[in-house]
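Two complexes follow with chain A in common, the first pairing it with chain B and the second with chain C.
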Partner chain A sequence: MVDASTKKALAQITLLKTKAGPRDGELWVQRLKEEYQSLIKYVQNNKEADNDWFRLESNKDGTRWFGKCWYIHDLLKYEFDVEFDIPVLYPTTAPEIAIPELDGKTAKMYRGGKICLTDHFKPLWARNVPRFGIAHAMALGLGPWLAVEIPDLISRGIVTHKEKDSGGDASK
Partner chain B sequence: MFRKQSDRGRQNTPSTANMAAADWEEIKRLAADFQRAQLSSTVQRLSERNCVEIVQLLQQQKLIDLIYTTDGKEFLTSQELGKEIREELQVQGGRVNIVDLQQTLNVDFTHVESKVNEIVKSDRSLTLVLGQLIDESYLDSIAEEINDKLQDQGQITVAQLTKEYDLPGDFLAQVVWDRMGTAIHGQVDDFDRNLVYTDAFVSRHRAKIRGAFSAMIRPTSLQNVMTQHNLQERLFNTILEELLSTGRLAGCISGGTQDKAQYVPDVYTQAQNQWIDAFYKQNGYFEYDAMRRLGISDPVSFIKKRFKTESLQYLSTCCLGTGVSDMIEAEVDEALASKSWVDVTPLLPSVLSPTDISQLLQKCLRSKSDALLCCDTIVVSQQLVDVCSKHFDKIMSSKAEKDAQKNPIMLLVEGEKQAPVKVSGISDTSYGKDERKEQRKKKAAGSSKSGGGLQGREVKMKATKKKYRGRETEADDQDERGDTGGGGKQRVQELPFLSVEEIAEELTGGDCLQNCPDDMIQEIAGKLHRPLTQQYQQVARSIFLQSVGAASSGARKKTHGELSDKITGLWRNALLFEKGLLLFPEETQTLMYKHLLRTVCSDIANLIFCEVASDHLIAVSADESQLTPEGRLKLLSKIPDDKTRGILTKMHGSLNGKTLNDFLQQLELMCGTDQLEILLKKPDKKKERQLVLSHREMLREQLRQEDNAAMGLHLVAVLLVQFHKQCLLHTPGRCVPQILTLLRGHLVPEDYDTLLRCQDLVVKQMKLQQSDDASSGDSSDLCEQLNELLPKVKDIALNPKKPEKVQNSDSAPAAE
Partner chain C sequence: MESPELIKNLQARVKELENELKCLKSSNSAAKPAAERRGKIAEMSSEVVDSNPYSRLMALKRMGIVDNYERIRDFTVAIVGIGGVGSVTAEMLTRCGIGKLILFDYDKVELANMNRLFFQPHQAGMSKVDAAVNTLQDINPDVCIEAHNYNITTMANFDHFKNCLKNGNLKTDGQVDLVLCCVDNFEARMTVNIVCNEICQTWFESGVSENAVSGHIQLVKPGETACFACAPPLVVATQIDEKTLKREGVCAASLPTTMGIVAGFLVQSALKYLLGFGKVSAYLGYNALEDFFPTMALQPNPQCDDRYCLEQQASYQKRLSEMPPEPVKEAKEEEQITHEENDWDIQLVADDAASEETAEVTPTLAPGLRQAYTLPAERTVCAGAEESVETTEQSLDELMAQMKGL
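And then the complex of A and B:
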């Protein structure tokens, strides 16, 4: 189950209204607008809470999203690339977020680096179609996964800290 | 708005491409916004935990100095604390309690306190009083308040202020003084620096006091005035003093202490003095009670102060002027001169108590010797009393005669008794006293009733002594001396003349004391009683002596001489008889001893008993010679002196003994110096022979006149024994046969036979007399025979012959 801080963060993300996928033309635009608004709100919230943990951008159509996410453990910042596509059946189907560089390093991952979301995520998402969007997926999916998997991976020595460049990134 | 436009546009123009382009534009913008949002710097936040750690680290490295709040959630620098304290002080209006500061600032008390001290040191406008931080503005504000109040009430004390502002008096006083004349308009009291008042208030007070005291016409307690007019004590005293000293108020303050102080107006004092002067002028005396009623607490000293020149007499209830005492003296003089009496009570003011009067009279009578003071108030001329006592002369002589006839013994004893007492008194007084003391001790120690009686008398005597203190003491002392000298007994023996009541009655009836108060008569009677009784004793005695015709001391000596002669004679006889008695065998001796004791010795004993009895004034009913053993016993029980009684008891017992020794021993004791003082002299040979001879002559004489055969035979036997054995004999009649057997060897046989025959006849006669049934013939026959024999027997005794003589002249009895 999601923890209290997650829940709080989730509640502060604005909900979406339009139920439209990439193939729905104008409605998708509408949907995309809402997605952006929601994301902006979420990022703002995170910044205010000093809890900024990712960067995202999309292609022109808004169908493919990519960026970075990071996790701070023992005063060290571990940064990973993150990417995902908006599925055709979106928003009924949730986006499958992937961290390609960790592919094969953990069991909680599908082939191609797609993270294994919790059992709770999917029914929760299903219940909240079309109100949940990308921001929700990030907050409910990737956030918790990172919190659980990264310390484990670090302790197992699978992930190591990349000295200079990551530090520079973090400061930026 | 943009979106609305587009919506409208969509509705109005069906051109989708246009719309889509617009939407995408918007998307782009949003994406840019998003990127911007993502790239904007995050707010840097430290978690609380981290903060605490950082601060701790900093403190450890001594980079910063911080103060924790009490809940530990905040840190303060000391500058911040100082600032906060100042702010708090301002908020609270210039006065704040450090404890409150600690609570509001939520900082530990020690920090607050040290900081406050620091601030107070650095800032002159702040003060710390009783744990409260106070600044100048606050003091200014309270000064204003105080001023308002002062103007309102007229006066104010620091104590009041203390109560109101809850600040120490010294501090407040300082505040007030500092602002006096600036913020506070008033003046500080000169005596009490803690008192502040306004000028208006002072003048109001002055007016009140002036008014109140001007109105007074009688002494009033200052306390009362103060409470009644609600005056302030300090101010009151200063103003009052000022008013008195300037003469604005006429009066003075008496009674030193504050509580009891009284204001006495001059008006009142004048009135008082006038009244007293008037009273004295009118009556000639002062009455303390009346003066006390006027409010003079110490009249004597008042009078002394006021009438220094007058010679006054100070008594317990009043004080007399010379006028009154002169008058009394004149009255007394007159009474004395006229040989009468005067009661001064009606002449004196009624307030005088009897003791006062007596005091006064005693002073008055000091110079007059011939005056008596009765009942405290009555002066009696001594001459009057003398007259009164003369009145009794007649009664006395008549009564004395009666008494002399009634009980002369008492008088005699009284007369005789005086002599030895006087002698002992002369010879050695101290000894006499000692003895007296001893006697007294004995009597007190013993449970005897007489001791108690004596004590009782003493008490009574003291009482009377007190009563007649004064000019009577001398006489009384003499009286007492005579009394104790004679011992308690003598007093008892005094002849009563008349009781005090009787004397009083007599006086009332007499003509010299008419219209006298009863008390006075009683007292005169009491005074007369003792001298009269003494006088009576003399009168009675002289009358008795006249009637008896014997001078007391001579008679006494004579009787004592007679007694001693008698006793000595008898004692000598007894000794001689004892010698004779030794001739006989033992059985006869006892008989004879008994006889001797019963006769001669009993006589001696009786004599002694009678003498002792008369010494102790016990009436002896029977004549001394006929005292029976029972009579003696009775006498014994009456004798008060233990020692004498003991000896006499033993003597009485020895009379029933079998030998003379006991008796003689007691007799010697009895005749000793402290008893009868009789000198027992043993007779010498010559005297003894004389005695024997005289005894024989006496016996012979008796024999010649004797005509009873039995008695004659007895006498003959005794005479014969004396003749032949040169011994006196005293025997009972029963022993005649034994005597005859003793004589047998010394007598001519015929004589002896004659005596035997006579004896037989006598025995026969006795028997006949005892049986009483004897025929008259027999008895007369016997009588004849005896009468016949008697001369013969007598002759044997009267002309005794020695046996050898008998052989020579045989017919001698026949010739007779």
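And then the complex of A and C:
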């Protein structure tokens, strides 16, 4: 079940209109624009709510995305590189978000550091094709994953705070 | 041919040759020298002698099960995913003397895989396809094996994957005879599905549940039976209440037993399909807790989301109408899946089971089966729900720059 805060975050993310994937030429450009619009709005909302937690950018054709996500635990900021490819069948199939540096450190990951999603993610995604986009995948997939896994990884001493990260301003 | 495409193809070819070379090198230097491999056997013989690896298979002919077993050598089978199910599938087909196998996987062998069959600890770190090729060629050097170490769901590999299925046939250089999908995720299944719909390729889907106590195989003949996108995936209902299923701390469990059983079902059905004996079920489920094996027929959905599926449905209907009306199909005992239309209003982000059950299409399924989830009949946003993006004057470059500047 999606918790109340995720639901609230989800409700604020603008929906997309164009059903197009990377094989669809001009339509894909249209879709990409919508992705960026939705992501920009989401990050802006997060900043306003003092809940800024990721940055993303893509290659020129929008098929490969990368950036950073972070999680604040006991006032310390833990930052991770995040990446994913847009699958050929996007948006019918959701992107598989990965944090490669945590690969092998938690059982809640598939090969290559792809995060393990809850049972609710895929049905929810399938029911909302093509209106859900990357911002939804972040809010519904990566957000809840970080909230559960990072405190656990910290408590088990697998993830430790890096001094250099603490100087970074989360709201940059 | 445009030059970027030419370069891409050349790069792919170089990758293939590198793989082949790696295989050759490792098979030469591995514990077992290649010299220990038996020589190739030109023709399958039914002679019952200790040295004939095919005598027990050819005996199927004498027993009247299979008309012409040696036809197995004419067939090309592609296996997508060389994990717990796919590797065992590949081994079975290799031992059966299949003509050609084309393997796809991008994973490496890990010690965490050792609860499953086939791979061995000394192979840890090797790519699954390379490790598999070595073992399979040791078992049966008569089988022609081609292997590709990449992820089929990304743009970079999709076309190459499609061409392999389209042109990989050992005998004809045309389409392969059968594709067996042994992957562990929805994305790759959908990718196999779309490619097979595009090129009208018959394939089997297979799967083992994440709690390791159920599994299934499904035959997809594009246009004739339901494709993987026609309806939400079917799952075998176990008595475990989804809400009490503990998933804390792990993604998935796995048992060598369930995977071996599903691989056995898969290859059995593949053999029946290729060699034309027995009956092949469109869907065969396995509930390990109850020892229950539901089967059912699956009709394609005229509202399928994939346009190639719709094209294949139309051409199948055309083929049917052109056929002489003689073979009256035997009465099907199996229940048929129906895709009733409904015009209920669907909540946008319905998440609780109650609303799902009341508001959506529930097709008639064989007992013991259920859908992984339900889909709204019409995917339209209710008035007043969340807002959609507005048309923007900004260019993509401007939006990218804006995102970077946040």
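Observations, loosely collected:
Definition applied: the second predicted complex is superposed on the first by the 166 of 172 C-alpha atoms of A that agree within 3 Å, B and C clash if a C-alpha of one lies under 4 Å from a C-alpha of the other, contacts with A are read in each partner's own complex, and residues count from 1 in each chain.
Here, a residue touches a chain if its C-beta (ideal position, glycine included) is under 8 Å from a C-beta of that chain, and two chains touch if they have at least 3 such contacts.
Keep in mind the model is a prediction, meaning the values are calculated, not measured.
Superposition of the two complexes onto chain A shows a clash between chain B and chain C. When both complexes are overlaid on chain A, the residue A:32 reaches chain B and chain C alike. By the touch criterion defined above, A:108 reaches chain C but does not reach chain B.
The larger set of touched chain A residues comes from C, when the choice is between chain B and chain C. By the touch criterion defined above, A:50 reaches chain B but does not reach chain C. By the touch criterion defined above, A:58 reaches both chain B and chain C. By the document's definition of touching, of the two partners only chain C reaches A:92; chain B does not. Contact with both chain B and chain C is seen for A:40 once the two complexes are overlaid on the shared chain. Overlap of the chain B and chain C interfaces on chain A comprises residues 29, 32-33, 36-37, 39-40, 43-44, 47, 55-58.
Interface residues of chain B, counted against chain A in their complex, comprise 16, 19-20, 23-24, 26-27, 30-31, 33-35, 37-45.
Listing the residues of chain A that touch chain C in their complex gives 1-2, 7, 10-17, 22-23, 29, 32-34, 36-40, 43-44, 47, 55-58, 63, 85-89, 92-94, 96, 107-111, 116, 118-120, 122-124, 126-129, 131. Interface of chain C with chain A (complex): residues 107-108, 151, 153-155, 158, 184-187, 190-191, 194, 229, 232, 242, 247, 249-251, 305, 346, 348-352, 372-376, 379, 381, 386-390, 392, 394, 396, 399-400, 402-404, 406.
For chain A in complex with chain B, the touching residues are 25-26, 29-30, 32-33, 36-37, 39-40, 43-44, 46-50, 52, 55-58, 62.
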